[in-house]
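Following are the structures in question.
Heads up, the next two complexes both have chain A, just with different partners, chain B and then chain C.
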Partner chain A sequence: MISIRDLTVRYGGTIAVDHLDLDLPTGKIYGLLGRNGSGKTSLLSVLASYRRPSAGTIAVDGVDPFENAELMGRTAFIRDTLDVQQQDRIRAVLDFAAALRSTFDRGYADKLTEMFELNPRKRVSALSRGQRSALGVVLGLAARAPLTLLDETYLGMDAAARDTFYRELLADYVAHPRTVILSTHLIGEVADLFERVVIIDRGRLVLHEDADVLRGRGVTVTGPAAAVDAFVAGRTVLSVQSLGGVRAATLYGGLDDAETARADAAGLTLGPVGIQDLFIHLTGAQR
Partner chain B sequence: MWFDDRSPIYRQIAEGIKDDVLSGALKEDEQVMSTNQYAAFYQINPATAAKGFAQLVEEGVLYKKRGIGMFVSPDARRKLRAERRERFFTDLVEPMLAQAKLLGIGVEEIVQHLEEKR
Partner chain C sequence: MILVAKSLARTYRPVVLWFLCAVAVIVAAVSIVAARVSDTGFGFWLITSGHATKWWLLIMGILLFATYLKLYVANGVTRHDFLLGSALFGGLTAGGFAVLLPIGHGIEQLVWMIVGTPPAGYPAFSAAEAVREFGHYLPIELGFLVSGAFIGAAFYRFAWWAGLLLILPGIMPALAADALLGGVGADPPAARGLPYAGALAVSLVVTVLMAAMIGATMRDVTIRRTAG
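Coming up: the complex of A and B.
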């Protein structure tokens, strides 16, 4: 279990993570979703012990990860900067990673390098944006770290490379179960891989929910304005749109059979809301 | 099968497997894919796949053989047919009649159309 209590991360006057409480059982794939500047990278940096919290605590299986060599060896954090020597060749980067980490599977790293068509003789500094990301995926997956943190590890990758990334992530997770936290803006294309979804906004927790439960949570109610208003009264309304006398409201919280029947009887049309749309409603409209 | 993101995937999995049992694509006492195979094939989280299979076991559509895997129950097809036959009238026929009424299509006209299709 990863337990986060009252976590705050401050950069001067800017608060990146704001009194966050979160419990993450291990052995699952998490989708960490948030808009730009919502605090995703700061949160991951603290989980990876790359940064000390300004306030609050983090415990991984009861232990504070900060400057804990044993725990850090069990954590892989792949971020934009890659944290590798720019002048090194890919082969040397992989050699170094394998030497550093006992769980690193060099054979799997070579296989992935080939799949992503990365030339092992190429220097990191000569890689394109997408190739750098692919190298990040190689380092992140081949590390086989019990806690794997992948921070937008897809930037610049084309659709085929991203597909390879998702397939390998899932296949390797099934073969070697571990905790994976994946931050992404491409919600639509990876949401099926998540067991749980964590949404943060302005450094605060918006929700932490089973992904499949979330798929049943959003519902749109469309119909005559007065009937929609009467039906949604007292519920969590995420957004309302009106056109002439017709109103469409997006609700958070599933409806049971009796409620669905009541909506039908009132002449209202119900529609589902996907995770991505739910995310937009939860983090967008009221900003 | 392609899952849509707007309803729980475990339910879509369960419905898909039931369809396969009904159509005979999955035979009684035939082994179904493991949850991990299923997850890898359809690119979904294995826990989600497991939830779909667990529901089918609970409903008696599948049964488990310890250490071997999951199989289609001997009377699954018969039970599913009975269940779907009941739902056929409420889920399909009644909405059709409501729509027909809206359009001024009489029952005689519908019957005539069906006779021609026979």
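Coming up: the complex of A and C.
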């Protein structure tokens, strides 16, 4: 269990994380969501012992991870800026990680390097933005660290590479269960991976919930435009999409049995809501 | 600690080898030219490599944290282990240079004797002289290394203007070692102002105090983001 209590991170007069309380059971994939400047990277930096919190505590299984050799060795934090030597070749970067991390799987790293079509002889400085992100993914997944923190590691990656990343993340997580915290803005694309979702805004916790429960916080109503309009009247509508005479409205809040029956009677189809729609609603409502 | 020292040694091995080869080639070339045009009366090896190695260590110290700390922490190494490992690696490198300098002096004298005779005033090499040179060079090399590391740590941890201000105290180990143990202008080095034991003690105390300040400065430092 990762326990965060009253955590505050300040940069001079700016408060990045504001008295955050959070309990994260281990062995799950978390989606850490928040708008720009919401404090996601600061939270991950403290979890990875990259910085001391300004106030509050973090405990991993009851132990403060800061400068704890065992816990730091069991944590991998991949930042979007990538902590590698620019003039090193990819092969050297992987060798370096393998030499320092007992859990690093060099064979798997080579396999991923091939999958992402990275030339091991190429220098980091010669990589494109997307290739650098792919190298971050290789380092993050091959580290097989019990606590893996991936901070917007997809930046610049094309759709095919992102798809490879998501598939490999899931496959390797199933084969080697661990705690993965994935910070991302591409919520729609990656939401299906999340087992739990943490949403923060302006450094404060907005929501921490099981992904399926979160999806149940809303409903999508699809059907003839007039029938949909009539049904959603007076409710919180997160988004509306129309195509011809068909309309799909995303509502915040669940429906009780009577409302479900009324929707059926009106010829409307009910479906789950996207986490992205809920995220926009929840973080928008905070501002 | 050992893991970090080994890893740094692997990283620096080719750099150190190229550096030493370059110094040896420069010394050989300058010696040949100088021997043809004048009677120099001093050992090029000790002057050139004595300066080159201490400045090299100063620069290595300056770059140490900015270049390597984040790489090690990103791979699960604590700051504490990095500090100890880099101290071990730096100490061994400084010690290695302090051993190489008198060995090079001996080789230089041997070469002089093979091609003729050493110039008048050339510092004669002997086993006792080698030990004496080692005893002078080691604290000088350590002083420069620690000065560089403190300056690098100050710029890493604090704002640029604070880093600039801290250069002054940071350079003290290098200045103390150079001034008291004769790293500047002396060939071979000789203690000045104080007897050797006193000069060595003052130099080592200043160096150890500064090393402790590096530890205090970096033990909980925030790992900076890579630019770009």
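Methods note: the second predicted complex is superposed on the first by the 234 of 287 C-alpha atoms of A that agree within 3 Å, B and C clash if a C-alpha of one lies under 4 Å from a C-alpha of the other, contacts with A are read in each partner's own complex, and residues count from 1 in each chain.
One rule holds for everything that comes next: contacts are C-beta pairs under 8 Å (C-beta built on N, C-alpha and C of every residue); 3 or more make two chains touch, one makes a residue touch a chain.
All of these numbers come straight from a predicted model, not from anything done at the bench.
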| item | value |
| --- | --- |
| Which of chain B and chain C A:Asp64 touches, first, second, both or neither | neither |
| Partner chain in contact with A:Tyr166 - chain B first, chain C second, else both or neither | first |
| Partner chain(s) touched by A:Gly216 [first = chain B, second = chain C, both, neither] | first |
| First (chain B), second (chain C), both or neither touched by A:Gly274 | first |
| Touched partner set for A:Glu117, first chain B, second chain C, both or neither | neither |
| First (chain B), second (chain C), both or neither touched by A:Lys28 | first |
| Chain B versus chain C as contact partner of A:Ala145, first or second or both or neither | second |
| Common interface residues of chain A - those touching chain B in one complex and chain C in the other | none |
| Chain B residues within the chain A interface of the complex | 3-10, 36, 39-40, 42-48, 51 |
| Chain A residues within the chain B interface of the complex | 28-29, 166-167, 170-171, 173-174, 188, 191-195, 211-213, 215-216, 218, 272-276 |
| Complex contact set, residues of chain C against chain A | 3, 7, 10, 67, 70-81, 219-220, 222-223, 225-228 |
| Chain A - residues contacting chain C, complex | 45, 49-52, 66-69, 72-77, 79, 81-85, 96-97, 99-101, 145 |
